[in-house]
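Scrolling down, you'll hit the structures one after another.
Both complexes shown next keep chain A, but they swap its partner, so chain B is in the first and chain C is in the second.
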Partner chain A sequence: MRRFDPLTIVWVLLAAILAFLVINPMLRLVLSSLQAVDTGDWTLANYAIAYGRPRYIQALWNTLMLGVCVTALCLVLAVPMAWAVSRTDMPAKGAIKLLTLAAFVTPPYLGAIGWILLAGPNAGWLNQAWMGLTGSGEGLFNIYSFAGLTFIIALYSFPYLFIFISSALDTVSSEMEDAANVLGCGTLRTMVRITLPLVLPAILGGAIITFLEAIALFGSPALIAIPARFNVVTTQLLQFFSPPVRAEVAAAYAVPLLLITLCLFGLQRRILRRRGFVSMTGKGGERRIIELGPWRWVLLGYSAFVLSLCVLLPYAALSQAALAKAWGRGWHLDNLTLDNFAYLLFRHETAGQSVLNSFYYAGAAACIGIVLTLSIAYIVSRRLLPGANVLGFLCMAPIVVPGIVLAVGFYAAYAPPPFALYGTATLLILAFTTRFLPVGYAQASAAIRGINPEMEEAVRILGGGRIVAIRRVLAPLMRRGMIGAWLLVFIPASRELSTALFLYGPKTRTMSVMLLDLSEEGNFERLAALGFMLLIATMVIVAIGFRFVGRDFMQRRT
Partner chain B sequence: MSRLQLHNLGRMFGVVPAVDNVSLTLTDGEFVSLLGPSGCGKTTTLRMIAGFIKPSSGTISVSGTTISSPERMVAPEHRGMSMIFQSYAIWPNMTVAENVAFGLTLRKMPSSEVRARTEKMLSVVRLAHLKDRYPSELSGGQQQRVALARAIVIEPAVLLLDEPLSNLDANLREEMRSEIRRLHDEFKITTVYVTHDQSEAMVTSDRIVVMNQGRIEQVADPVSLYTKPQTRFVAGFIGRTNFLDGLSDGTHIRFDGFSVPADGVKAGPASFSVRPQSISIHAARSADEGRHGDAWWVQAVVAERAYLGEYWDYGITPVLSGQMLRVTAPPATSLSAGQTVWLAIDHRQAARVPAPEACA
Partner chain C sequence: MLITRRTAVTGVSALALGLAPGAARAEMAELEAAARKEGAVTWYTAHTDGESAEQAGAAFTKLYPEIKCTVIRTTAQVAYQRLQQDIKNNSANCDVFSSTDLGHDETLKARGNFLKYAPLNLAGVSPDYLGLDKDGYYHATVAELCVLLANTRRVTDAETPKLWKDLLTPRWKGQVTVGHPGFSGTVGTWVVVMRDTYGWKFFEDLERGKPQIGRSVNDSVTTLNSGERQVAMGPVGLAKVSAARGNPIRVTYPTDGAVIVVSPSAIMTNAPHPNAARLFMEFLCGPVHAQVMADAGRAPIRPTAQGSGLPEGKILRPTTQQIVKGIPEVIEQWRDLFGN
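After this line comes the complex of A and B, so read on.
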């Protein structure tokens, strides 16, 4: 007979939490899409409505096109830079990496705001400069277009691809290239025939993720596509959620997005599982830097150009507007003011509150997420309970759910009674927790796997129980890893927009929602000021991460 | 008094038996090695003794009290044992002194006594001067000493060592295996030592348990194990050997290419393990009846040779035979390949072993 194990209670508790956070919202999403709203009968009517009009279909088409174009552009931006940084003697690699990291942590919708200031029709800085230089009466760029949207989404998506590809390139031993060189193959041909094929699985895998990120994005499309009068899936979902709220139609409309994500994610995992050759040859192989001669300046110029587009120019435009009385008047001393900040923090009804909300929700979600994922990762890695792998799987499951789809699911599950959590801080915190559970779990299980179980066994054989082992040895050893995991949940949660959008109430606006509201008012100085604060806060947090966890903490692949 | 007893111990991993019906008794203060190739079940056995793995069958008891059985397990922390791990498992967040004192503080000992014992122990392992260092600042050998000190300072009922020297380089390994034996002679703790290295086992142990495929092949002191292996596996695993497989008709034993007087070996298959140094090389069948008189003589041809400094290693094939014999000879004995010689096989030093499966 087996003794009753107190760990069983823990297992049931964790399973219940995950059922609440992951299973129920997804179940409700699918069920509500299949039910008539008043009678609860099974029906496909919601799908008929959701796909009943050409413009709804057009939005889906636009989304897919957007995904493809963004991915293609990201590849053009990321591959040469990744190769240059990882394999060549291009100068100023450190600065390039740092700026890429800055682009990586920039919320895409902030970049979009920066680019509205830069390339808004006629008034944008670049258009002003163009008209000034050529005397033309019309600006060159119009950010409010499909091309404009593609461009700014790509600018803030390519850093992920860059990190993905360059870490794959880092594992390719130079001996692979030397072997080709010895047989008489030149630098360029070696790169095309040997190096790139070796990292092709990583490139494909990263490209799929880029595609998925692009089609799930809400902020930039809301800022660009809506004024440009075209819709994508996410903005269309918003319209289903505008009064009169048709949540069941939104659910039906979201299901295909979920299915696309699910399939492509499965494909990505399959591609990366067959990566074999890259990761196996990586260890210990010495890497030689490829000397490019004068070409290294070309690559540096290219990298600097790309990064000035995604970091330097928009940051400059944003900070100018944030500190200006009227942004169109440019950099003048008498145009400088801190009033935009003062207005937001002290005079605006909800802006100050929204800043606090964002950090409060992100902090709470990070704390809950880390405790949850650490417990589960520990149980899974130490095989403490049968069936623990199911818990691990559930933690990773939200990775296939776009934020906006998750929000629809949470709305369907917890807005109606008996929970009636709509608009509460609790709901936002729980939704954020779920959204970033996979990030947290990947970090937590890496941290735990990094510690030899013998460290704990040594405690136990000397007479300490499991609790002593966790408190005296495991916890101190994992402190760095835990801070890193916390930050990696906190940073994206503090600026999450798409999940918050359908769940916030009058008192629970987040900074990201506030930004969107301000953009509708059209007051770019105040909008920029709020964005500026978010940017500064992000930089400070990343700097803290650098200090306590190490320079590479944002760039570990999960 | 700590008598450790394993009784019919078994452990299945899925349908594969990792440890199969192992019975063994250690007397108080005895040092016993579990020796065998990787995957032979020695580490699983050790971890069952420690309480990290539950047996599928059989029991483990200490001084008559059962601590492990398929029904009941005493948790590792309540067994009063110590263990030294392959990775040392020195806690990097604690200093050397904190590591060593850890087990004592868990026993709620007054801090003055903890300090006194820790310092005494550290000086026994010659680490007193490093007590405030962190493990990352120590060499591999020093970390090993910390692990030893940490395990021994609590005066455990049983000390378990899991391949403790496998991460050290060759010279240090030789030094540390003597150190382990020295500490055992000083503290007389009942010890189980897991290793795949026969010389480690032979230097440290009172008795050696040779394991293969989850089973015990033989339990014996180092000398008997080498000179009187009971199975072909033991003969082959402990040192190098030649197997001579023949058939006895009661008067002669016929080997591959030569035959020798049976000398009382009954009719039937007859197999022997002959160590390379039990065969001597001669230019002619010797007249020196006193020394090699009743050896088995066979004419042979030198097939290959290698000079290893301390001795010559020859591969010599008896005339009319397909089997090459390994023979070692003193450094001065230089023969060239193709030379014809006489071999004297000293069968008093040979061990009778079971015939190979195919002949039996």
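After this line comes the complex of A and C, so read on.
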């Protein structure tokens, strides 16, 4: 008979934690959508209310269209740039990567504010310039429109796709491209027919993540869609939380989103099934840089254009607003002031606290998430326990749950008694941990798989236990990878809005919620100043991360 | 007798609160002592813009440095939503609740969420603002006027709208901005008054003029400042303060009547700091707050505040019943018409 393995206890413990973080909130979401709120009887009435008005269905349709359009636009933005950076001799790759990183760390709602300043139909810089140049009475762009919303969401979502695709392209060797060249294909045809199909899994995976991010955003739609007079699912969900609070109707409204994402992942499996994407043969395939000749300048121009849209222009507009008494008056000496920063730091009771809250919750969530995913990834990869794969699956499961849906689930599960976590820091930290569990797990398992078990076995042959092996061999080897993973959880968690929105209380306001509260009054000067405080703090943390792990922490590990 | 810092502060604050001598003063001193022990008060407010709310909180803390005042400023409907979430989850956070939508207060009162308290400082309040709640649970603590605003750089004196209906003319197509009744209680009250005066057609016509819809009523002022839009319905207080800072804002009292929004405050039954909450209610009804509000361009509830008093001309004041019934209706009508 097999001896009882003490690791079983660890397995049970981890499984219990994941049940708490992942299974229970989703279960409660689905259950509460099917129950009458007072009696607890089974009912479909919540669905009837949630889909009982044309306005509500229109919002769902708007969201789906938004997701599709954003994803398509992101592909257009990301694919040429990723290809150029990974495979070609385009100059200034370092700068392009750095600016993409800047786009990645920019909270989408901050970018949206930058673009309101740039493309507000009458007062936006670009429209003012257009009217000045042409003498036209009307501006060229209207950010307050469906197209405007699609555009700004895409600008801050495409870095995901960029990371996915360029990481995949980095591993494709040139042999197959060479074969295509020998058979008479030009560079473009080779790229379209050979290179891109080889990284189709990465493109599909990235596209699905982009779609999910786009449909789950709250901040940008609140800023753009309300003045543009249309609703999306997230703004509609918030209405169900307006008095009378109908959390169960919100749950019913959110469930189809969950089904849609499940279908997407199913579709991805179907497309990828029975096709070979093996490009890493382990036989040292050579990677050759493609020489583009004069075209490399075209690609550089395109990349610079895209990045100036998502980083340079909005940052210029935001810095003007943050330093202005009234942003519409433009750059004038008498319009310059540091008062917006002074107000937030010294005269505002809660703004400073909200900054600290954001970093505290994000840091705690990143720490918990990394410890948890690392333990699970280790158990899975070393096959220490039967049934370990279940744990790995649960870690990846939240990827199919849009942030706002997760928040509704967490609200249903843990806000009321017996847990009574509503408004506490614990609730926010746990929700952030769950939300970014898949990111942490992907990183952790890649880092562990990259370490040959023979090294640990050597420790054990020499008489050291598993703990010694982990502490003296594994931990030092993985330090770099883990700091990178920590940052990849920390950065999005520090600016997370849609999850925080339903879970925070007056003492646990995060900076993202604070920005939203300030935005109600349309006070862009102070919003911009608060945004800059967030950005500067994030940049400092990223810079410290660079020192430890180098710039490559953004690379996706598969 | 030695005058310690403590007695000095108490003396000053009792003076500042404008108390009658004798029994009331003793009562107030007792309340202050109890409030100091609690050391904090949390205020959910939609009464003013964020900056004025922070100023009011700071004025309170200046009077009582031992009591930390946490100001949570949002639009009325958002504040109410958060309060509802608090109540539903049995989580007591809010001490004093200041909405701009009287309907909130009526509902909360009926459900037993309000603590009945008659501030001593009601003594100096102008009769116009007394007795807002016949049962005495909530009390008017500030008032605001909804008026017509224009950007002075783009709109001449002559063409500035003078009547509410002037906003509907083709001249202002694509140039109007207003807040959203689904967020702002002040906008909600204005929409109710316009609907009940001119019919819902007013908004159907407004919709054809493609207005920009903000959330807070204060959003109008920032949108005009930026030059994004040219004319607006907006609050007189923030507009005056903003104009005094050099922004291009012109205030016009509509000849068919400015809409007055009288905003109440009340103490929550489950207030975590019940004594500090009472003291804060005294503050809200007292002279210091009245002066902070007068300086912020609002209509203070005490006639003694400098710069108080309503302007000449017609003022439309809806009844409590009109607001309680009207705002939920117009929010639905609005969402159906404007789509957001």
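Operating definition for what follows: the second predicted complex is superposed on the first by the 531 of 558 C-alpha atoms of A that agree within 3 Å, B and C clash if a C-alpha of one lies under 4 Å from a C-alpha of the other, contacts with A are read in each partner's own complex, and residues count from 1 in each chain.
Heads up, the rule we're going with is that a contact is a pair of C-beta atoms (placed from the backbone, for glycine too) under 8 Å apart; a residue touches a chain by one contact, two chains touch by 3 or more.
Just so we're clear, the structure is a prediction, and the values are computed from it rather than from any experiment.
Undergrad: Once chain A from each complex is brought into register, does chain C clash with chain B or fit beside it?
TA: Result for chain B and chain C: fit.
Undergrad: A:Gly463 contacts which: chain B (first), chain C (second), both, neither?
TA: Touch status of A:Gly463: first partner only.
Undergrad: For A:Met455, using the defined touch cut-off, is the partner it touches chain B, chain C, both, or neither? Pick first, second, both or neither.
TA: So A:Met455 only meets chain B here.
Undergrad: Taking the superposition as given, does A:Trp327 touch the first partner, chain B, the second, chain C, both, or neither?
TA: In the superposition, A:Trp327 contacts chain C only.
Undergrad: Should A:Leu518 be classified as contacting the first partner (chain B), the second (chain C), both, or neither?
TA: A:Leu518 sits against chain C, while chain B stays out of touch.
Undergrad: Should A:Val473 be classified as contacting the first partner (chain B), the second (chain C), both, or neither?
TA: Touch partner of A:Val473: chain B, not chain C.
Undergrad: I want to verify the contact counts: of chain B and chain C, which reaches more residues of chain A?
TA: The partner making contact with more of chain A's residues is C.
Undergrad: Answer with first, second, both or neither: which of chain B and chain C does A:Asp38 touch in the superposed model?
TA: So A:Asp38 meets neither chain B nor chain C here.
Undergrad: Between chain B and chain C, what is the shortest CA distance in the superposition, whole Å?
TA: Comparing every C-alpha of chain B with every C-alpha of chain C, the smallest gap is 51 Å.
Undergrad: Going by the contact rule set out above, which residues of chain C touch chain A in the complex?
TA: Going by the criterion above, the answer is residues 42, 44, 49-51, 54, 57-58, 69-75, 77-78, 80-82, 84-86, 88-91, 93-94, 104, 107, 174, 180, 182-183, 212-216, 218-219, 222-223, 225-229, 245-247, 335-336, 338-340.
Undergrad: In their shared complex, at which residues does chain B touch chain A?
TA: 50-52, 71, 75-83, 85-87, 89, 91-93, 102-103, 106-107, 150-151, 154, 160
Undergrad: Inside the complex, what are the residues of chain A that reach chain C?
TA: 55, 58, 120-124, 144, 225-231, 235, 239, 241-245, 325-328, 343, 347-350, 415-417, 420, 422-423, 505-507, 509, 517-524
Undergrad: In their complex, what parts of chain A are in touch with chain B?
TA: 1, 452, 454-455, 457-465, 468, 472-473, 476-477
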